[in-house]
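Some structures to go through are shown next.
Two complexes come next, and they have one chain in common, subunit A, joined by subunit B in the first and subunit C in the second.
Now for the complex of A and B:
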């Protein structure tokens, strides 16, 4: 190669990665980063989106949200819904993974059960919502079985009474979400070296001791990173709640996403909705930073 | 090493199988109930005591869904949008992943972090500016609006998945092309793409599922019945005939078919796609 040709080649090599990345960066920049800036701008404007020349509103919309008791109720419901979901996703996922990993069951049965245990994962939030509405109908199968067993005396309106609605949607979400933990922990279990357990056997360790001193510490990195991701994603859940309860009755299942959606598309108060959306963004961003730091530290 | 067949040991094995059966009931009963209800008449669904197997097996709910052009349109829309987005996302992600995997360049680390963090941006935050944009560009209630939206949501993770896959392929393969005087572009299409099929399939599966399941943006950025997708269609069915539960279940079964089929046929790719981001 001549020198000219070689330097031409090197230049191409230097420019090439940017060319390969350009379509992605263009899309992410224009359709993700720019809209994020836009929604922050909206939150400081009066009549955002609706008027062509909106006036500056300062922090007015943020003050309006922080003064709204429904916002604080939504924040609390979001926290309850999210914490309960993550804790139970983790617990159920862990129990199922340990059971499936046991050498006491026959391998064919294990493979069949693994497929069946993943089932809830294969269904869209909307379909999960519809299934649970059918199951928990006042005249539905859950009430009829519970009444026959004498656990409840009369038909419970799971999704439409303020006392039970939040627990009912949380339960549906717990059912829908544990497979992510189960699958990840199962993969993690298979990666723990067998000699750890053999060494413990020689020392005469009991099954629960092996669980506490070997299995759980070995799975900790997976548990922490999946919990963080699950927390971030569960916090943003919209369709499940929208279809089962719509945030009602009397705001008893209102979460941040349904609260924001209603502000924007039922009340058409897009400025205030933007302020609320920015608050959600900030919470997510904080958790994401935490997640990325954790991933890098590993 | 373990002592087998002692009475205590046998008891533990029995208890484990009882627990497995309970777990199976918890995981699968709701889905079984959807399936069996879709084959019942609407009156049988609420029969007392409940019938576990459909007593009068009927396909009337499926006939009602499949005979209604409005509902078939929901399915067409879902397949069409998810299909187009899958092709576009995989193509664009493949290029970006190639750049990430085969080149060193200024800003690589921060771009990678940027892409990881965009995965957790709350959809509801982007919904309002998207609505503003879509209305002002006159693409409200069109396929274009949905395709652009889904593209931006599927792209970051698709890039990470593809990059992860390309990193597993030895570099000598495409460097051989460079030695022969070929460009990186030639290496990508002649060498990398043909051996990247598993990665491409996993990325496609993931992208398709995300689009198929999307609800919030489809709800907000479309309006006319002819533009609605399956998840919105199910919700509409619930509003219109609050009591046609068998049709709702039939539509849910039909709406779940693509995911179930993909899972059964390509379990490996499905799991790779669903967990790659969380387990590294």
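Now for the complex of A and C:
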């Protein structure tokens, strides 16, 4: 091989990986990076999108949204909605995974339960929202059952009352989201060597001690990974809240995503909406960096 | 410390598969008993039944005089070392060792004192804060031992604890476990499929096959006087050579040659004469076969053989041979690979032997070391 041929070959080898990566990089660049950068740019412009030559606004829109009490209410609702969802997703997912992994439950029943428990995962957000709107209607099944059981005295307007609306949407979201935890934890449980439990049996461990000293520490990597992902995803939930309550009544279920949407498409204040979107982006980015660092540390 | 007594222990699974059939074993206080057998013989099942990890279908099991059949594992006063060691990866060495004390609610100071004592015995002191993932195979093995020792149990149960180690380390750990057992004096039941471990470690060895106990004896007696062809083939490496022969006029007649039997062979085995004119299984160990061209082999009678291949191990030569006789299978499922394609016998020659692959030789047989088995029952004659 001549020197020229050899250097040509070397160049081809060096360039090849980037050629393979280029289609995906192009798509990500066009569909994700470009809009992201554009939104950031909008947040610093006056009358973004609406005017052909928007002027530079500095941090004006950020100051405006930070001065808006609805923004702070939305942030608080988002945190409540997200934290409650993640905690209960994990708790319910863990309980169901432990049940499905238990030898004490008949294998046929276990298979039936496995299908039943995973059902919420099969529905899209729109269907879940519709199901829960029907169930939680003042004349719906939930009210009727609770009244018959004597738990409530009169019909509760779950989605229409400011006191209950946020809890109701959170509840619906918990119901919709636990299967991810259940499936992940079940896979994790099945990967824990049986020897660990047998050794613990011989050492005299009770069931709760096996859970605390073996099961949970063994599942910890999954619990942390899925919790972080769930946190990132739940923070951005939009359709469920939009369809059930639309952020109301009186902003009581307003979350950052609905707040941003309304700024953009109800008030047509796209610049402020962009500033709000950037805030969501920064929070998500922080969590994502935390997640990546955790994954690297493992 | 206690004796462990198994009486008519049976284990039958749901599909009517009988894993253990009428197992009777008595392990003395402080004894080191090895349960050995080929894969699937039920040895691990037997151990797990003693530990309480498998139900006992029928029979009685007493540890230290107490019937433990219906007791959960934790009440049986035993400790077990698993093949995988079952060390908790999220706990340090110290936490792993102290785990049972922690479960029992023992105070921290007491736990630390006990862990330190054990770590000193097992030379783990410098590793107490390490996680199992950072330990070598041998160190993990010692931690598993430590976890068993911390409970000061009546009996140790060990399930193939050395099978995950490399060959060199296995030799070292074999010696360590044996001396530790002697030092602690705790009754120990040790399961292995490795007959070298069985021969070198135990006070007595119980050989199992297909869930049935074949023989319990000292390693020396198992080697010298196996009760049947299976034990003869299983104990010893390479395995005993077993051939079909006919006893005719005081001679063992093979296809194309015969071996004259000394009077001593008949004197020690009164039943042997009754096989006159009948088929018999003849057995001889590789170490009782000699190269007739060497001094060591000159005094014995010889038979013709062809060398098919040689493994030169330095201290000895393992010589694979073909002799004109029909080989008999001892019934050990794990031993089929002992013989090469063209060979049906193995001999262990001194390294000075000059035989080479393909050569026709005269093979000398030590006639004081012959073994005879019934061709039907495979029982020793």
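In this text, the second predicted complex is superposed on the first by the 287 of 298 C-alpha atoms of A that agree within 3 Å, B and C clash if a C-alpha of one lies under 4 Å from a C-alpha of the other, contacts with A are read in each partner's own complex, and residues count from 1 in each chain.
Basically, contacts are C-beta pairs under 8 Å (C-beta built on N, C-alpha and C of every residue); 3 or more make two chains touch, one makes a residue touch a chain.
The structure presented is a predicted model; accordingly, all values stated were derived computationally and were not measured.
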Partner chain(s) touched by A:21 [first = subunit B, second = subunit C, both, neither]: first
First (subunit B), second (subunit C), both or neither touched by A:198: both
Partner chain(s) touched by A:281 [first = subunit B, second = subunit C, both, neither]: first
First (subunit B), second (subunit C), both or neither touched by A:123: first
Touched partner set for A:213, first subunit B, second subunit C, both or neither: second
Larger contact residue set on subunit A - subunit B or subunit C: B
First (subunit B), second (subunit C), both or neither touched by A:295: first
Which of subunit B and subunit C A:46 touches, first, second, both or neither: neither
Touching both subunit B and subunit C, residues of subunit A: 198, 201
List of subunit C residues in touch with subunit A within their complex: 51-53, 72-74, 78-80, 82, 84, 86, 88-91, 99-100, 103-104, 147, 151
Complex contact set, residues of subunit A against subunit B: 12-14, 16-21, 23-25, 27-28, 31-32, 34-36, 38-39, 42, 48-49, 95-96, 99, 102, 104-105, 109, 113, 115-127, 130-135, 137, 139-141, 144-145, 148, 175, 180, 183-184, 187-188, 198, 201, 222, 225-226, 229, 232-233, 235-236, 238-239, 242-243, 256-257, 260-261, 264-265, 270, 273-274, 277-278, 280-281, 284-285, 287-289, 291-292, 295, 298
Subunit A residues within the subunit C interface of the complex: 193, 195-196, 198-206, 209, 213-214, 217-218, 220
Of subunit B, residues touching subunit A in the complex: 1-2, 12-13, 16-17, 19-20, 23-24, 26-28, 30-31, 33-34, 37, 45-46, 48-50, 92-93, 95-96, 98-100, 102-105, 108, 111, 113-118, 120-133, 135, 148-149, 151-152, 155-156, 159, 183-184, 212-213, 215-216, 220, 231, 234-235, 238, 245, 248-249, 252, 255-256, 259-260, 263, 267, 271, 274-275, 277-280
